[in-house]
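See the structures that follow.
In the two complexes below, chain A is the common chain; its partner is chain B in one and chain C in the other.
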Partner chain A sequence: MNNEGKFGLIETISIVTIVIVSKILFTSESVVVDFVGTAAWYMTLLSCFTSIIFFLILYILMKRFPGKNLIEIFQLVTGKIVGKLLGFLFALYFLYYAGSNLREFIEMIKAYSYPYTATSLFLVTFIIVTLLLSYKGLENIARISYITLIIFIIGISTILLLALPNANFLYLRPYLGYGVKSTLYYGLLRSSSYDEIIILALIIKSVHGLKNFKIAGLISLGIAGLVSSISLVIYLAIFQHDMGAENLSGMFQISRTIYFNIYFQRLESIFLFTWVITSLVTVSIGFYVSISTYCKTFNIADHRPLLLPFSFLMYIIALKPKDISEIIYTNMAIVREYSGMLLYLVPTLVLIIAFITNKRGVVNNEEKA
Partner chain B sequence: MKRKLSLLIILLILFSLFSGCKDSTEIDENVYTIVIGLDKGSNDNIVLTIQYPQFKSSSKVTSGSSSNTSVDSIETSSILSGIDEFNMAISRNVSLKHTKLIVFSEELAREGIGKYLAPLARFREARRSMFVAVSNGKAVDFINENRSSISENITKSVELMLSQAKGTSYFPFIIFHTFYKNMLSPYGETIAMYIGVNNLSGLAIGKADIPHSALETDIKPGELPRTGGVKREYVGTAVFRGDKMVGYLNPYETRYMSMITGSFEKALLTIVDKKSPGDVIPLDVRLGRKPKISGFFNKGTPIINIKLNMEADIGAIQSRINYEDPGMIEDLNNQIKTYLETEIKKMLTKTQEEFKSDVFEFGTIFAAYFGTIQEFEGYDWLKHYPDAKINLDLTVSIRRTGLIIHSFPVLGTPKTK
Partner chain C sequence: MKNAFLKKILTPISYKNIPNVKEFYIPEVNENAEKSKENLEKEISVSGSINDNLNFIKTAFNFENNKDIIIREFKLQNKKDAFIAYLDGMVDRNIINNFILRPLMNDPSSLNTEDSIFERVIETNQAKKLTIQKDVIYGILTGDTAVYLDGKDYYVLCETKGFEKRAVDKPHNEAVIKGSQEAFSENLRTNITLIRKIIKNNNLTTEFLEIGDENRNLCAITYLKGIINPAIVDEVKRRINGIKTDFINGSGMLEQFIEDSPMSIIPTVLSTERPDVVASHIVEGKISIIAEGTPFAIIVPITISALLVSPEDSALRWQYGTLLRIIRIIALFLATLLPGIYIAITTYHQEMIPTELLLAIAIARENVPFPTIVEILLMEFSFELIREAGVRIPGMLGTTIGIIGVLVVGQASVQADLVSPVLIVIIATTGLANYTIPDFSFSTGIRIIRLFFIILGAFLGFYGISIGIVILLSFLVDMKSFGVPFLSISIPKTRKSFNKFIKYPIWKQELRPDEVNPLKLRRQPKVSRRWIQENPKSSYDRKDEDE
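Our next item is the complex of A and B:
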C-alpha cells in the first residue's frame, strides 16, 4: 500500500482514543451497569488494565520486528498463507466493526430523534461522508480525530458537569456490585472494549516509530479508561444501578435530565452535536482501517478503488441486524466482549510462535534513526 | 474539476432537501401540551387530559385570571394511545415535547401509577425534566383551573410556579427523572408535589380563630385560607410506597423533610414567642451546612444519626423583646431549636409509622454495610425503615437580626416576662 502519510503523537493518540471512548455515547454504559451494577466504574478500569497488559505484549511483538506493521509481522512469522488469512480476518473484523457501530448509531438516532426517517437514508448520507474522509487517507482522518477529540471532551465534560446537581454518589453502594466474581469476569471480557488499540500496530509506519507507538498506546488507554470510569461514576450517581440498566443511551439520558433553571435546560443539542461528529469519525476510522488492512494483506498499492466495494459491504453489514436487540446483544457483544479473542490473542500467539521459532526482524539504519 | 464541483453542488442541494426528511414538522403543525393529567376512567381505562396553548390572544375566563389555553380530555387505555386518539379531534398533531407537568389524580395514585409511568420513560417525546404532581381532587379539575393571573404566558407561569418549590420549600422540586428513579430504587421511596384546587371560600376575615400555638396547621391542597386570581395551588408532598401513594406531608412537614434531604434552600419560619405567647417571631431560616447523616446497625436495628445545622435571621419580633442582646440571643436559638426538633421528629415518626416510607433515601447509608447488591436487596431496606431508630442532633444559630440591632418596647404596652 502507498505511503499513508505521517502524523504526530497527539493525532495518533486522538485516533485511538476517539474510537475507544466513543462507545460511552452508545449502549455500552447501560449494558455494563446491567452486568456488574455499582461496580461498573472500576470494572472498566480492570478492562483497561487488562488491555494495557495486552498492549505491552503487542509492543514486545512490534519491537521484535522493527519497521514492520502487524500484517507484515503475521506473514513473516506464520508464513504467507496464514499471515494473509489473519490479515483478511482483521480487515473483515474492522469492516464488521464499522458497520455495527454505524447501525447502532442509526438505531439510536431513530429512537431519540428521527423515528420515521428511512434507515437507508441515514446509511447513505453517513457512508458518503465516511467515503470522503477515507478517500483523503489516514493523515486526513488523524487531523480530524484531533479536532473531534477536543469537541468530544468539551461536549462530554459540559454534560457531565451540568448533570452533577442530579448526582448522588452514595448510589455507588454497595461497592461490590453483583459480586467480585461477576466484576472480574466481565472486567476481563470487556477488555475487548479497548482492543481498538490494535489500530496502532496496523498504522505503525505513520506514527514515527516504536517510541511514539508505546507512548500513544499507553496514553490513549489511560485517557479512555479514565473517561469511561468517570462517566460511569456520574451515570451511576444519577441513575442508580436499576434504572441505569434500563437506558438505551446513558449519556443521552443524562443530557435529558439536565434542569439547571428555567432558562438553562434541554441541553441534548450539545450531546447530539458531539455524538454525531464522534460517531462519524469512529465509523470512518473503522472503515479506513479495514480497507488499509486489506490492502496491506494483499499488497494493493492504492486503497481508493476499494472504497466503493467496501462501502457497499459496510452498508450490507449495517442493514443485516433485524432489530436493535440483535445489534446490542449480538453485534455489539461481538465487538465489545469477544473481539479481544481475535485482536489480543492472535498477536499474543504470533509473539509466542516468534519466540519459539526465534524469528525476529532486521533493524535497518533508517529505523535505528 | 468542473464535474467534481457540480457533483459537490448537487450533493449539497440534496442534503439540504433531505434534512429532517419524514420526521420534519413545522411548529404550527403541532399543539404542544403544557400539562397532562390522568384520572381514573371506567373499567381499567384512564381519562387523559391535556392543556395546550392556543395560537391566539387570551380570553378572560374568570375574574382576575386569563387563559389562552385549551383543555381537552379523552377516555383511553394508555397515555400514548390517548395522545394518538386526540388527533381524531384536534386539527394538529399533539406533541409532548414541551410538557412541563404531569398530574395524577390521588384516586389513581393510591391505586398505583407504575404502569402509566413506564411508557413515558420509554417515549422519546416525554422529557425527564417535566415535573410530577398528585392532585387531591381530579386532575382534570386542576388543569381546568391552571391559569395565570399575572401574564398571558401560561407556559412561563407553570415554569415559574414550579420553581417556587426551591424558594419556599412548601412543595418538593420533583422532576420525572427523580420520581421514576426513586420508584425503582432500593434505597428509598418516591415523592411528588401535592396540588389541588381551592374554591377560595376558606378565608373568613375577622372570623378566623387560629391560635398562634397552631400556626403550622395540617393543611392540604384546596384548604389554604386565601382569595386570589387563580384557584390552583401547590401545597405539600404526596408520599409514595412503591408506585402507590400512601399519604401526604403538609407544606410545613415538607420543609422539614427537605431540611433532612439537604434540598432546603431558605424559608420564612414563624414560631410562637415563648416569652410572649400572644406574639410570633418570623425567621428567615436556611441550612448552615449540608446535613450529615450517618448510620449503623445495633444488634440488627438500624440507627440513623442526623446532624442538622440551621442558620436564621430574625425577620420580626412582635413582642419587641430585646432578643438581639448577646445574653438573650441564645434563648431565641433554643426556642427555635426546641420548635424545629419537635416538628422534625413528628414528621420523621409520620414517615416511619404512618407511611412506612423512606422518603429521605437513608438506604444509601446502610447500603455500605452490604457487600453486594444481592445482599442489600435481600435485606430489603424499605421494609426495615420503620424499625430504624433516628437520632436528631440539631444546632441553630441566629446570624443576623435584620436592620435592627436592639428592640425597644412600645411605650404603654404591658411588659412581658
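Our next item is the complex of A and C:
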C-alpha cells in the first residue's frame, strides 16, 4: 500500500530536478573547473548522458517489476536478507547525502554572509524546517519542489542574464580543457552528480506509473544537464578556468560581479533567497528519501516516529567534517563522484541477476490500467 | 438629639460601624433546568385541548415574566375557543389584525366547519399546518403567528414577519468605482433576493439550515443546480448540520465552524458583502452561505486567487484589470516581506546596499538610540493602534485620528529621534500595500505573517526569511478549501483558467474554474462574440468605390 500520496508529472520532475540541479549553487562548479578546466561545460553534459544510460537501465529494471519500488525489487531478486541490506545501504547513503549537503551549505553561508553566527544555530533551524517538511510528507515536498523550481529558474536566469555583460567567451579556450582523457574520466566519474535520479525508483508508487517515471526521469536529467552546462559556460566566461577553480560558490561570485549602475549592482540577495530555499528543499528531499527507504526496507508503516532519531543522525553527520576542505574533498567527493557505484551499479547488477535468474514481476489489472 | 448632633459633627474623625452589606454571588447551576429544554427539543405532537396548548405556549415562552410573547384568546362565530400567539415586535400587526383576527372572528363559514379556516378564512399569503410542538415554537420565534382552535391537533402558522430591518445600502468595505453599488443587509431574505435579482435562473436553489442551539439562527445555502458539483453541496450541508453549539450570530462565526483549516492564519473561505461577487461565484459552480444577522456571505470552495480579486476587475477592461491584479500581487509581497527584508539588510547584509543608499540610511539612523527591530516593532505597533482606533472612533473623529496618527507616528517620532525617516517610508509603504488586499481576513492574516518575517529577519537575516518562506509554503500547499487545494492556481496543476492572476479578455474566459469540477465546465463557446463572424447589415467592402 502506498501511503505517501500521489502527484503529477510536473511535481515529479520538480523533485528530481531541484535535487540534481541545486549543486550548481554549491562548490560543484569550481570543483569541476578544477578537474577539467575549460572542458567543464561539456564534461557535465557527458555526465548527464552517462546518467541517462544508467537511468534507462533502471527503467528496464522497473519495467520488469511493474508496481514495485526499487527496495521491493531488491528483495524479490536478491532475497530478503541481501535486499534489506541494500535498502539499508541506500537509506544510509541518503542520510549521508542530506547531512553532507547541509554542512556544505552551512559552511558556505558562514563564509559569505554570517561569519559570526554559530554553526549549531544554522543546523538547528535548518533541521527544524527539514523535520517540518518531512513530517508533512512526500506530497507536500513535491508541491514545494515545484514552487522552488520556479524560484530557482527565475533566480538563476536573472543572475546569469544580468552577468552576461561581464562574460568573455574567449575564456572558454582551449576547448579541450586539460585533455580529452581527463574530461572523459571525470565525465564518467561525475555522472554520480546526477544519480539522485534514483529517487524516482524509490517513490515510483507516487508518480502515476512507469510512463511518468520514464518521462520525468529523462526530462529532469535533460533540464539538469542543460542548466548545469549553461551555468558553467557563463561561469568560465566570467572567471576563466584558473580563477574559476578557486571560488567557493560559482553562482554567488557571478551574482557579485553584476554591475549596471550604482543602484543596480551586486544581486547577492537574489542568490541568497534562491540558494537557501533550494538547499532547504534539497536536504529535506534527501532526508525524507532516507527515512522513506528505511521504512520500505523494514516494512514500517509510518515514517513519522523515525523523524527525530534520523534528524539526530543527520545532525551528527553534518557536524562530523572538520572544515570546508574535508567537506569538499571527502563528503562531496563521495556524494558527487563515487556514489554512482552504489546508486547506478547496484540496480544494474540486480537487473543482470534478474535476467540470469529469469525473475520478473506480476502485472495485475490495476497496474495494467 | 444633642447626641445625634454631636455624632454627626464627629463623624468625619470618628470610627464608623461597618454596615453589614451582603454581597451577590452566582449560585451553582441547577442541572434539572436543562431537562425542561430537552423536552422542547423532542418531537411531541400537538394536544387536542386548548388548555393544554395554552399551558404549553405559556411554559415554553415563560409567559409570566416574558412580555414579548402575546397570547390573544377569542371565540369563533360558533363560540368555539381559539387563541393566537406571536412575539411582539417580530410581527406586522396589521397583517394579524386585518388578515387573521378579523376574518376568524367575523367569518360565518366557521359555523359550518373549522377545517375551512385554513383553506378559506385566513388570508395571509403563507400558512401551514403544524402538528409538532417544537415546530410551532420555532415558527413563533421567527416572527410568524400561531393560530389554535379548540379540539384540533394542529396549529395554523401564518406568515406575519414584520420586524425592523436595515435598507439595502452601499458596500462599506468593498467599494468599487465601476460596478454595482448594492450590499447585503442583516436580513436573510433580502440578501437572497439580491442574489436572485442578479441570477434570474430557475435552477438557482436556496436551502435553509438551522444553526445554533440557543439562538436557532437560520442560514441559507445558495447554488446553481446543474452547474455546481453536487458533492460540494452535500459537504457544505454535512458540515453545517454537524455544528453543535449554542450561539452563531452571522457568517463570521459560521465560517470558523466550517472551514477546513481553522488553525491557519490565512482564510480558506471568501467573505463578501457584495451580491454581485456572490452571483459571479455561484455561476462559476461555487456555493454561497449566508447567515441571518450579518451583511456578509461566505463563498466556498475558493483558491488563493479569489482572495486577491476585486469585484471591480470584471467590470474593467482586461488590460486595466490585469494591471490592478499585478499591483495587488506586488503589494501582497511588500506587505508580507518588506519590513523583514529591510531589517535583514540593515542588520546582516549591509554589503548588498549600494554605498550611497547605505550612507543615507546610516545618516538617518545615526541619532536613533534603538536597534532596527525595536524601531520596526514600535512603528508597527503605532500603526496598528491608529488602525484599530480609526475603526472604533466615531465617524466624525475619524479624520482627527488620522491627523494625530500622521503627526505622532510620522513627524514627531522622527523629530524625537525615536525612529529613522527611512523606516517611516518602509512602514507606510507596507501599510498601504496591506490595504490593497481586497479580503479583510486575508490582509489581517498577512499582518500576522509579516510579524513572523520581521522576527526571522531580525534574528537570522535573509536566511531566516527564506526559512519563513519555505515554512509558509509548506502550510499553504497543504491547505484546502472544501476539497480544493488552496494553491491550485499552480499546484496541483489544473486545466488552464483564464481569470486567475492574469485577467484575460472577458470573451476569452471560456471555462469555469476546473478545480471545483463543475457539471458544466464550458461557460461560453470558443467564439462568444458571434457577431464578429457575421457581416453587418450596412456593410461595405474596402475595395468598393465610394458612391
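Observations on the structure shown:
The working rule: the second predicted complex is superposed on the first by the 367 of 369 C-alpha atoms of A that agree within 3 Å, B and C clash if a C-alpha of one lies under 4 Å from a C-alpha of the other, contacts with A are read in each partner's own complex, and residues count from 1 in each chain.
The criterion applied here is as follows: a residue touches a chain if its C-beta (ideal position, glycine included) is under 8 Å from a C-beta of that chain, and two chains touch if they have at least 3 such contacts.
It should be emphasised that the depicted structure is a prediction, and the values quoted were computed from it without experimental measurement.
Applying the stated contact rule after C-alpha superposition, one finds that A:Ala333 touches neither chain B nor chain C. In the overlay built on the shared chain, the residue A:Phe273 is in contact with chain C alone; chain B does not reach it. Contacts of A:Asn140 after superposition: chain C is touched, whereas chain B is not reached.
In the superposed model, A:Tyr178 makes contact with chain B only, not with chain C. When the two complexes are overlaid on their common chain A, residue A:Leu188 makes contact with neither chain B nor chain C.
By the touch criterion defined above, A:Ser113 reaches both chain B and chain C. Of the two partner chains placed by the overlay, neither chain B nor chain C lies in contact with A:Ala167.
Of the two partner chains placed by the overlay, only chain C lies in contact with A:Ile10; chain B stays clear of it.
In the superposed model, A:Ile262 lies in contact with both chain B and chain C.
Taken together, the two structures place residues 113-114, 117, 121, 125, 262, 265-266 of chain A in contact with chain B in one case and with chain C in the other. Chain contact summary for the complex, chain B toward chain A: residues 11, 15, 18, 20-23, 121, 124, 127-129, 156, 159-160, 163, 175, 177-178, 180-181, 184-187, 361, 364-365, 367-368, 370-376.
Against chain B, in their complex, chain A makes its touches with residues 37-38, 111-118, 121, 125, 128, 166, 168, 170-171, 173-179, 239-243, 246, 253, 256-259, 261-262, 265-266.
Residues 7-8, 10-11, 109, 113-114, 117, 121-122, 125-126, 129, 132-133, 136, 140, 143-144, 146-147, 150, 262-263, 265-266, 268-269, 272-273, 276-277, 280-281 of chain A touch chain C in their complex.
Taken together, the chain C residues at the contact with chain A in this complex read 345, 348-349, 351-352, 354-357, 460-467, 469-471, 473-474, 477-478, 487, 490-493.
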